[in-house]
Amino acid sequence: MEKIILQFHTLEEALLMGDHGIYVWSTYIITGLVFSIFSITFSWKLRNLKEDE
Amino acid sequence: MKNLLLPLISVKEYLNLNKMIYPYVLFLGIFFMLLGWIVGLLFAPIDAVQGHSYRIIYLHVPMAIYSQLIYWFMAIWSFSFLIWKIKIAPSMILSAAYIGCMVTFLALLSGSVWGIPTWGTWWQWDARITSTFILFIMYLALLTVNNSFQNTNTADQITAWIALVGVINIPIIKKSVDWWSTLHQPASISLTTESSIDLSMLIPLLISIIGVGIFLFSLGLKVSRWVIYRRESD
Amino acid sequence: MITELFKLFQRTRDWLGPILIFTMIMIAFPLSLNIYSADLISSFESVLVISLLMIAFISCDGIFNEDFLDGSFEMLISEGGSLFQAVFEKLCASFVLISFPIALAGLLFSIANGAINQNYMIALLGIFFVNIILNSIFAFGSAISLNKGAILGVISVLPFSMPAIILFGRFLDSISSNISSINLLQLLGGTSIITFLIFSWLCSRIIKLHIE
Amino acid sequence: MISAHNLSYKINKNTLFSGLNFDCKSGNIFQILGSNGSGKTSLLKILSGITNPTKGMVTLKGSIRKLYLGHKIPIKDYLTSEQNYYLLNGKDTLKDYDAYCDLINLNVPKSMLSANLSFGQKKKLILSKIFNQSYDILFLDEPFVGLDAETVMIIKKQILEMKKKGAGIFLTSHQETLEGDVLIDLDKGEIS
């Protein structure tokens, strides 16, 4: 089993990820965005539903 | 069997159960999800063939798994609604549909973005992407059908029927799409089969699968609370 | 069954319309390609599949609307008649008057375009069975959106027709390459009967829901 | 023959009626009164098995031949009135089309499509079902609306005849009153 150690030494190397970084990071960022938008819209809906109850 | 379940799934009990466990589930979900992703992104070793772009697997595989799982979850609830007339089932179906729709969209997104470095095009007629796309349309169809009826009872029953018929269709679509794509070109690097992946990559994958699952469960709690309140208020 | 056939036969617009539209598509489709190009045959198959899909949607759109709106279904239920039988007969009538002629026209045009040049009987039956599958699936769609506009029904039902299209694609390939086209035909026939029965039962359940 | 146990019906939160209990033996007429929207049609639909009540139960004894005639007119516009007649009553009927037309003086040219029949004529065509088949229970929702006085007399005579033959009849009507054995008043919710 290969060791699980930090693969990248500089931030810049981690971002680039051997020129695949753009794809990897963009997917994760978009997923994070979609998750937060989804949960925020529903808590917002929940809140204004509670007000007029 | 039915009166065994009923005290458990009455609306009021579900609501305060929901409120009680929601913060813990949310925290656990986010913790494990981020743990799995960080380890997968920064600590897992590089893949010999694909280089770093394989790291999207920690996102794509959980999404693909849960897009199927949520449809089965909805089918079980619609079965219980149609056969045992459990009161809470329609709101569970609707909230699961919202989440499943989002998860399938993410699975599609990550699948196609992953395709760019490996195949050079963002859309590739791979069996899994096509069946996930069909699944995405079925989620959208379920949502549009649900809010196009005035009488809530007919809306719930028809949504339950479509979910039930849809779930029978998923294995059929999967098999026929596999059969179709294997004839066209040999299944190239198929994205989601757990090929003999090295243990060091498998651990973060399992953590992220569990983490995403718990997080989606917390989203489900929130959305179902909103659906129930909305149903109560109007 | 005869009464349904008779009723459908009276409404010429409902059964002649789809057939005419199908033939128009079949005639008009080569206009987009130059006539001598080699890929006329290969593109014909996809045009045939898509027009079958569209015709199935057109012919099943609003198939139950008329009886639902004028109260015949209500009277039928109160008399203890079974909705399943009514739906079953209605679909059979539309198979005889719409699906079979279209299968015939489809076969003739595919011969004309050179897409099919052997075992014609098998091809005819194959297209007819696919028509049955697509019609019963879209009838389920029109039962869902009984008086809500057909788009709703189509969205929720289109994914179910994907496997049928894939199966039909395999069938057309086996026809031209003449390998195992018989057992593909049996597969198509089996699925068409099963889909027809299941979906007409589902239609009767959904219509009963709408009536309540 | 048909009995109801604390029937209640609710549409989207407002309850139309609740706690109805009655038992209809053969040969009596139930007159259902109530203002518009008080649930008369829904009660008829529940009894005839078209819709399910929110609470309560309807029990039928034995194999009952029942018929519900509502406001909607199940006449096919693209067929002639004779074809419609045989469509409704089946081929081997007691009265053939011409005999029925003379009885109820429905004089319509043979080849005319029923699209341009008047509401009253279409209603006469549907009511032909009462004359042709013997039903155990009849659910008639405003049967006399749109009919001229003479036809109303004929229909009343036929209903009384069926009552003698032991049929249970549920009737809702605003103008014409028929001496009903039982009166169900949905506004006040009592049964007398």
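To keep things simple, chains are lettered A, B, C and D as they appear, and every chain counts its residues starting from 1.
To be clear about the criterion, a residue touches a chain if its C-beta (ideal position, glycine included) is under 8 Å from a C-beta of that chain, and two chains touch if they have at least 3 such contacts.
Given the structure is predicted, the values throughout are model-derived calculations rather than measurements.
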> Which chain pair is joined by more contacting C-beta pairs, C-D or A-B?
Replying inline: A-B
> Which chain's mean C-alpha position is nearest the mean C-alpha position of the whole protein set?
Replying inline: C
> How many angstrom lie between the CA centroids of chain B and chain D, rounded to a whole number?
Replying inline: 51
> What whole-Å value do you get for the distance between chain A and chain D if each is reduced to the mean of its CA atoms?
Replying inline: 65
> Measuring from the mean C-alpha position of chain A to the mean C-alpha position of chain B, what distance in angstrom results?
Replying inline: 18
>> On a C-alpha centroid basis, what's the spacing between chain C and chain D, in Å?
In response: 38
>> I need the residues of chain C touching at least two other chains; which ones are they?
In response: 212
>> Give the residues of chain A touching no fewer than two other chains, as numbers and ranges.
In response: none
> Which positions of chain C touch chain D when the two form their complex?
Replying inline: 3, 7, 10-11, 66-67, 69-72, 74-75, 77-80, 211-212
>> Taking the touch rule as given, give the residues of chain C at its contact with chain B in the complex, in rising order.
In response: 140, 144-145, 148, 152, 155-160, 162-163, 166-167, 169-170, 202, 205-206, 209-210, 212
> For chain A, which residues count as touching chain B in their complex?
Replying inline: 1-8, 14, 17-18, 20-21, 23-24, 26-28, 30-31, 34-35, 38-39, 42-43, 45-46, 49-50, 52-53
>> Which residues of chain B touch chain A once you look at their complex with the stated criterion?
In response: 37, 39, 41-46, 50-53, 55-56, 59-60, 63, 99, 102, 105-106, 109-110, 113-114, 116-117, 198-200, 203-204, 215, 219, 222-223, 225-226, 229-230, 233
> Residues of chain B touching chain C in their complex?
Replying inline: 134-135, 137-138, 140-142, 144-145, 148-149, 153-154, 157-158, 161-162, 165-166, 169, 172-173, 176-177, 179-180, 183
